[in-house]
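In the two complexes that follow, chain A is the common piece, with chain B as its partner first and chain C second.
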Partner chain A sequence: MAATTSAYDPGPPPGPVPAAPRAALLVLADGRFPAGGHAHSGGVEEAVAARRVVDGATLEAFCRGRLHTAGLVAAALAAAAALGTDPVALDRAADARTPSPALRATARRLGRQLLRTARATWPHPELDALASAFPRGAHQPVVLGAVVRAAGLDGADAAHCAAYESVSGPASAAVRLLGLDPCDATRVLAAVAPAVDRTGAEAVRAALRVPESGTGALPAASAPLLEIGAEAHAGWPVRLFAS
Partner chain B sequence: MTAPGTAEAGRGAPSGVRATARVTAAPDGRGGTALPVLTGEGPLALRRVRADGGWARALLVGAMGGPLGGDRLTVRAHARPGARLGLGSAAATLALPGQSGEAARYDVRLTADAGAELRWLPEQLIVGAGSDLAVATRADVAPGARLVLREEQVLGRTGDAAPGRLTSGLRLRVGEQVLLEQELTCGPGAPGGWDGPAVLGGHRALGQLLVVRPEFTATPPVARLLGDHAALTPLAGPAVLVQALGRDALEVRRVLDGALAELDAPDTGP
Partner chain C sequence: MHLHHDTEPHGHHGAASGGGHPPVRPDGTRRALRVGLGGPVGSGKTATVAALCGALRDELSLAVVTNDIYTREDAEFLLREGVLAPERISAVETGACPHTAIRDDISANLEAVEDLEDANGPLDLVLVESGGDNLTATFSRGLVDAQIFVIDVAGGDDVPRKGGPGITTADLLVVNKTDLAPYVGADLARMAADARLRRGGLPVVLQSLRAPDGVREVAAWVGARRAAWVAHP
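Let's look at the complex of A and B:
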């Protein structure tokens, strides 16, 4: 009956629940999220073999280049998908922005793996519909946008997640490929982080134009060495990473 | 004639040249191709040249040089049903800075109707130091039409300390379907990493060859490398893209010529 008293003061009652969920984004962007991304180097394996990436400085230049090209395109596709754009139209737009068949196949494989994991994680009728519409897999950013919706996140979350993935994959692969100090790889990610934020914001602005202007409003920034290198890498008999 | 000339650029009026070159090709009824429209303007002069095998061929002949900053140049080529049109340029195009500090625009619009064949094979575009150029090439190809499109860019002239700034866009639509949409931005002020190991890797010459053929639907060419910095890739439709990087324009041209010769083997060009 006696009220228990404690020295611990919980403080005033909690304020309003934050409007934007955050933890789901951390789950999705976590490198340990089991969607197969760890098996891909984002082109860094080929760039290391060709000695274009040899240290932290060249890794950073690689990451910046990938972020502003493939990363921006992926972020805008993901944001547009998260905002509810027709995934079939987005998947075609992704094809048109990916001339390398090796990269198109990689994007679909990653999309399929992400969708499988996400349907088990955040079951949602839109994810089921996406799986039926694309039995061979949709481009990963298109799936990512749909997953973001299913997880209750928004277009900016999708864009930032895709933009971040475009550099985090190469950075962690470089640790294995170059024997780079993980601190150096993480320093690269921190150095690139402001550009990731700007890219995410630019991607969202582009995605917001899609309802009015169509998928032609999406960025189409290209990286010739990523495209050419992906075709070279796909022909290797032995490799550490799938792409 | 309302298009202001370069002389007005210094007066702060809408600066730069506005010029359009137009060519339309149509079958002449005798197995050849006529050019019912062939008009140039300002720095874009057009001249018909000899061609065989049912082709009509025209060249852009640089009459003034440029584009300079603030210029807006447009080339429109249209091959009507059944026409065979080859279009090239007599010399490389050199982009230079203008007085206004504005960017220059160079738009190319190519249209090939059903059963037509269009070849756009201009010489290189050289992006001189201090210039700022936006190139946009749009090709609309009807199902069943054929297209060969080449574009080559050289970043900086020999001896230029830095190239100019270039934004180069390429879009291919076959029927209702956009098969290729890409944009490359490089030079001073371009997003970080443009010259790094993911994008150009220090190369100063780049080229693209786009080939559309209806038979690629049934038998798409297989993706393959063409040397160390070039690849031929089938797009998600009846078209292939060759992307090539090189130290200089000659290296890129050799790769693109080799790829075209291989694709052309069962075909006849203009």
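Let's look at the complex of A and C:
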């Protein structure tokens, strides 16, 4: 029998390819993006020690709580930065929304690490300007929004990335801290994914109000136990994670 | 016992950048040489760092970055020993994964190096210790310019034979605690021969830090690397 060629025919090109970048967001949101996140637990180390997080179900509750508080605030800050709001004003807004000095220090350290990696990844004059304005680091969500801009992404991308990070960090830390089945941790992330999407959308709506109403339009939800836990954790002599 | 006097640069030289300092400072001089020390738990990395500081601090402006698994033991040991002023020692927290912090995500280490330079002025040499990890933990070339892998005779004299990237590719392999060989029945000649076999022409030093000036050969190797580094801007 004569060899037949494949029946597959891609056909003519389908017209202009949509220009919206998407893969850059995957690069940025990848847990392996080398910006220091691996050394931080997002408060889950303290919650594990206090036995508030012991398994997949309690990890999910922790993640939902963090998403709707710190995650929402981070997502709105990131979206506003991505939409071009002045980073100095946003950084002040982030300070005002972060009562714990330990968490403020962590946010700045992670912002500085992210900026270092991003400037090597997506060189952009706005990132250089941000680095000169904040040599010791700006709050990580503010930097994230600026990086999203430099990567050609938009406010919704920034919000989703920040909201997702607010739960993905604790989930991977819980795998190390509890010996949790990694599939359980990933299932938790899938279960909270619709809430991550809703949080991202809510954050963008708030960020869109900033040009008219100022940074006061940004959400100021806070999780007192995360703030208190972070202060306690910072004083531990022996710990696996930096925060 | 220095098996090879080979101080030629190996590997990718001057490649360390990774969003870190450019190899040349604005005034045209080369930035500090960064040397990583890795190897299994308890092999003598911190003791080697402390001895190197003692041997080199009079001629070079030095700083140390430690990467502990879950404590600040290494940094605190160096502080207690008083080998360097406290502002020359910085501890990076690694989220229980030193190998990640020295290889896959070096941002915190690069920052620590930058902060040490800011606090102490131009440095000649920065030693970066990785907390004891496994035999596959090696440093990124974006973080260090040369790496030393430290094993000890008490960890088993078959470790050089087993190989792994640290043993085979480090710029210098140190077999430490030779003073313990008689007590643990380790065959030093065999360790040296196996290491030579695994490493092609790369140098190996057998040392005991219990001996007077036990770190001499490693200090000489670091000094030669530093001289070669400064000579090619």
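Couple of notes before you dig in:
By our rule, the second predicted complex is superposed on the first by the 231 of 243 C-alpha atoms of A that agree within 3 Å, B and C clash if a C-alpha of one lies under 4 Å from a C-alpha of the other, contacts with A are read in each partner's own complex, and residues count from 1 in each chain.
Methods note: a residue touches a chain if its C-beta (ideal position, glycine included) is under 8 Å from a C-beta of that chain, and two chains touch if they have at least 3 such contacts.
Just so it is clear, the model here is predicted, and its values are computed rather than measured.
Of the two partner chains placed around the shared chain by superposition, chain B is the only one that A:231 touches, whereas chain C remains out of contact.
In the superposed model, A:119 lies in contact with chain C only, and not with chain B.
By the touch criterion defined above, A:32 reaches chain C but does not reach chain B.
By the document's definition of touching, of the two partners only chain C reaches A:240; chain B does not.
Touch criterion met: A:222 reaches chain B, while chain C stays clear of it.
Of the two partner chains, chain B is the only one touched by A:65; chain C is not.
By the document's definition of touching, of the two partners only chain B reaches A:43; chain C does not.
Comparing chain C and chain B on the residues of chain A they touch gives the larger count to B. By the touch criterion stated above, chain C contacts chain A in their complex at residues 17-19, 69-71, 92-97, 100-101, 104-108, 110-111. Every residue of chain B that touches chain A in the complex is listed here, in rising order: 169, 171, 177-185, 191-201, 206, 223-225, 228-231, 233-236, 241, 243, 245.
Note for the complex: chain A touches chain B at residues 43, 47, 50, 52-53, 58, 61-69, 92-93, 95-97, 99-102, 104, 195, 215-216, 219-228, 231-232, 234-235. Chain A contributes residues 32, 34-41, 109, 112-114, 116-117, 119-120, 173, 176, 237-242 to its touches with chain C in the complex.
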